[in-house]
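One chain, chain A, appears in both complexes that follow, with chain B as partner in the first and chain C in the second.
Showing the complex of A and B:
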């Protein structure tokens, strides 16, 4: 103690000794709070403020007028934006549903002890290790009506001419084309979370069920599903938030087309903010999306906590 | 070596380098443009400027689909990346009004550069803002328009000519009207040539940047499309959605549906070139800028290819491409950048520019008696430039363009609504933009 005190310049040592525990805690926390305020809170407040103006970031000298709630009114009454919302909802619902079903099924299979288990796990998780831009590009080739493997596989099983349908170019198929690619890419992620859930179930619970002569079916519904449920719900939360802001994969695949069929809200928002430069309008749009995601996520997290408590 | 000698040697070396440096300050200039064939020609051409001026030229070439996004962001953020920018014609309004480009009038006067030396259509489109006034923000750098090329070898084959005659009762040749062009494209659609299925034509359908608008306007202009009833009044009702415009848009959709390769839903310049070079299509639309490269192609160029100007319908009309070269106002090397423009404006440099594959807009090149025969597409280029029409060049051009991209793609590719409805909605979008701009 004596050696430490002598190594510290006396005025500093004196001032540090003078700080209370609470003050020292603030000194440590202050940089984080500062960064949080600078990077998250300040931009959020500024965005809210901009959302009531006609500000355009590319027109520096232009007079900025307060337009009240006009931006919000325009967005909420714009039928095109509601179509974007519908496209996003379709994408979210089907990707999550398919990823949960397939991911859980894969996890359940992988959880069984069999030869080559590790190799299969590695192969299955490969897609999620790729860049979304790369995935988008190569699926674009797979979907190509004249040379694409996807069309030939469908043709092989159904007998329809490969070039007779266009996954990325037809209004009825394009929304499914992006669902298929996202499912291919991110099902392994859901599988890994489910696998963690399955492996966290102690064997003795199944052993007790066996002693009680519970059938496999009964064990699945009364032990496996409830105990994996929190993990599954967590996977749904992650995928839901991720897919709500989906951009890169879909831009590479369809660019939002044909027409605006696959123009998800994030793509539309980017166009408004950084191509049309309607900063005020885009800020209002971003706030609406933020409130939507935040509201839905809050409700969901409450439900998740209830499931955990059971 | 003693300490004294070392100091002497250092002083001597310093003196040598100081004496051998050029008298004027040599700068590193960066020129920004799109990444395409003419950009390579410009790199070659600029070597002469480097040797003459002592300045070093760097180039920032961005692929077309990202060019507008990348460069407009650069300008809007006051970036210093580009000293010189060969920006799209539609950017001139924003470049001038937002202070991104240096006004060149005083410089032109001082250096004796006259805009009368350049083709009037290019000066109007690439240099002036407000349109048609003698306020210059760029020097015409690269004349361009949307044109067509076709498989001359197929068009000359007796069996194909006979089949066309039997099918249509007409001779197969370069189309004289838009409707004839569609007829030819439909004739080739799905036809077997040398054991391979080929298709009619490659047209622009791209959704993300400007593709489908550039394609659709190539049909709209020959039908007599106008943006306003009275220039400068923004009175679009009856002009943008005129019966002629509706017919032209329906025509483009019919072209897309009946005469393009499968999966051709999001295609622009690159896809058009690929479709033609791979022998998939009989005809293709693209910018004249690509024609030198196409003619030089070992597989589909030379005797196998020929070119034609966008065919008229009710009138002649081609979609304008091309760009002017501007000095970016945020550059710290404006003097050197202006030096480049002065050098580039010289008739001898312009002649070399055309030789290398760039499209000069200088009258000394275009009016040269040998120009028309200098390349197989030179005459078509001159003809096209005589009837070009450009998109809005307003400061809010990006908003106007994206609205049109959406409305026409919705109609042509996604089968949404009718042509009239698409154009009506486009007027609504454009009206909203002009209201926001305080112009309506």
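Showing the complex of A and C:
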């Protein structure tokens, strides 16, 4: 009995400074909580507060007036902002669609047991490891109409003159140019998650299906797809949130142009906040984006949980 | 239902040979059990017949047709795997219906419902039909995977130790149930196990495997009474057959006999040579005696109500012993 009792650790703090274990726990957690409050919660609250004012961050002395919901009203009725929203939706839809399709297909191929598939995985994953600034910059060269490899390859397959089109400079092509780069860079991420999903399906399930006389096609649709679906949806969630905030690649490639065809909401927001210095207005804008992405994500997570339960 | 023939089938994985020159036949409506320890090639034999592996040599015939290069689907076999290989994302109902929904069969949906309900009834799981496959207990899962085979009308049922992961009571129940089902439905069934009781109680024919070879094939009674080697003799019977050097009882063995095999019923207590009682085990319906007989340990059964004590000396003699040569082969 006695040995059991002494083996149970007595409250460590007792011998230290008369602090209880609970107090020690707080001491360890405190720095994290402090940082979280300082760089997440406080700015959020401050932003909400600013969104109801006409505050301008470059005019420190100016009197700050409370304008109520006017900032929100102006944003939601601004047709230009709706265009930015549409550009963002277009970008989101196509990047996710392409990344899911190509990512799943690649994962499916890599999952076939062939020699050197580990090497291929490494090669495919490389783009994801580069800095977006670097990626943006070298795609700028690839898209260059006179010397760019991209234009050359397109012309090789279609016969169109390489210098006859500008991926980054033409209104109809620029949105696609950023979709292509984002897809190139982030498809590997979707592939990795799909691969994890595919590898989680045990072989014997396919053997059972083989015995049950299910064709490869039926095995794919009734076993592979449903069992990978939770993983795939998780990948879509990550990519969706990331791309809703897309900034770095677009700044490097088009800077929002030509005109405002590639001006995604985050680019537009940055212009309002740090070029026009309409801090109050930009705060309201940020809150609207935050609520949108948060709302969409929560609906999506609910759907994801439902799929997982199935 | 159909008959299945294996002719000189061999299979090896990399450098290890799993099955060597295996030949046997399963007649229509028969219940054949392959018995052997882990690694004897039992599962590989099933997988070869199912078409999940291809044999290196020999031929496999189902209903007179060589099926060596047929896919599992073309062979029309049903298989119950050792792990419950249910489709985890589907309900029990959909798991059972899965083989019926094969486009090859074109089963109408009301026919599927009827069959699924029927099989669920047989396996005592009708109230679990709408559960997800992962929400079942181990016993229920294995019953569902047996059910997934039963809904079909295949050439042969293949079962890979389907009861080994169940608890003792459920195992005993399902053993009886399976035998009854097979007998009623006149199904051809090949069953793999390392459990001699399953083999003895269910089989119409037993094949004993040793390191990828079929060492004896016959009815349970025949294999029990006429084992062709010490290996086979030791696989059946509880307590195990006692193996002794021949001549200890002064018996006249045939030429070349170097060992004798004595099952408990071959040992007569009451006359003959002295043996020392080491331990008495009362099992209720029977009593086991552990004996020391000239340097050798023996186990035998006696009447449950006898009152022998440890340390006593009794007389035993051998009745109709089995004779084996030095290598363990039977001589008669």
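Here is the rule we go by: the second predicted complex is superposed on the first by the 275 of 310 C-alpha atoms of A that agree within 3 Å, B and C clash if a C-alpha of one lies under 4 Å from a C-alpha of the other, contacts with A are read in each partner's own complex, and residues count from 1 in each chain.
Note that in this section contacts are C-beta pairs under 8 Å (C-beta built on N, C-alpha and C of every residue); 3 or more make two chains touch, one makes a residue touch a chain.
Quantities reported herein were computed from a predicted structural model and do not represent experimental measurements.
J.: Chain B versus chain C on the shared chain A, clash or fit?
T.: Superposition result for chain B and chain C: fit.
J.: Touch check for A:274: first (chain B), second (chain C), both, or neither?
T.: Only chain B; A:274 stays clear of chain C.
J.: Identify the partner contact of A:258: answer first if only chain B is touched, second if only chain C is, both if each is, neither if none is.
T.: In the superposition, A:258 contacts chain B only.
J.: Residues of chain A touched: more by chain B or chain C?
T.: B
J.: Would you check which partner chain A:145 touches, where first means chain B only, second means chain C only, and both and neither mean what they say?
T.: First partner only.
J.: Using the superposition on chain A described above, determine whether A:70 touches chain B (first), chain C (second), both, or neither.
T.: In the superposed model, A:70 contacts neither chain B nor chain C.
J.: After superposition on the shared chain, which partner residues are touched by A:90: those of chain B (first), chain C (second), both, or neither?
T.: neither
J.: For A:168 in the superposed arrangement: first (chain B), second (chain C), both or neither?
T.: A:168 sits against chain B, while chain C stays out of touch.
J.: State the minimum pairwise Cα distance, in Å, between chain B and chain C in the overlaid complexes.
T.: Superposed model gives a least chain B-chain C C-alpha distance of 51 Å.
J.: Going by the contact definition given at the top, which residues of chain A touch chain B in one complex and chain C in the other?
T.: none
J.: Considering the complex alone, what residue numbers of chain A touch chain C?
T.: 202, 204-205, 207-215, 218, 222-223, 226-227, 310
J.: What residues on chain C touch chain A, complex-wise?
T.: Counting only chain C, the residues touching chain A are 50-52, 71-73, 76-79, 81, 83, 85-90, 98-99, 102-105, 132, 145, 148.
J.: Under the stated contact criterion, what part of chain B meets chain A in this complex?
T.: Residues in contact with chain A: 69, 72-73, 76, 94, 98-99, 206-208, 261-266, 395, 398-399, 402, 406, 409-411, 413-416, 436.
J.: Spell out the residues on chain A that touch chain B in their complex, using ranges where they run on.
T.: Of all residues in chain A, those touching chain B are 54, 57-61, 80, 144-146, 163-164, 166, 168-169, 171, 251, 254-261, 271, 274-278.
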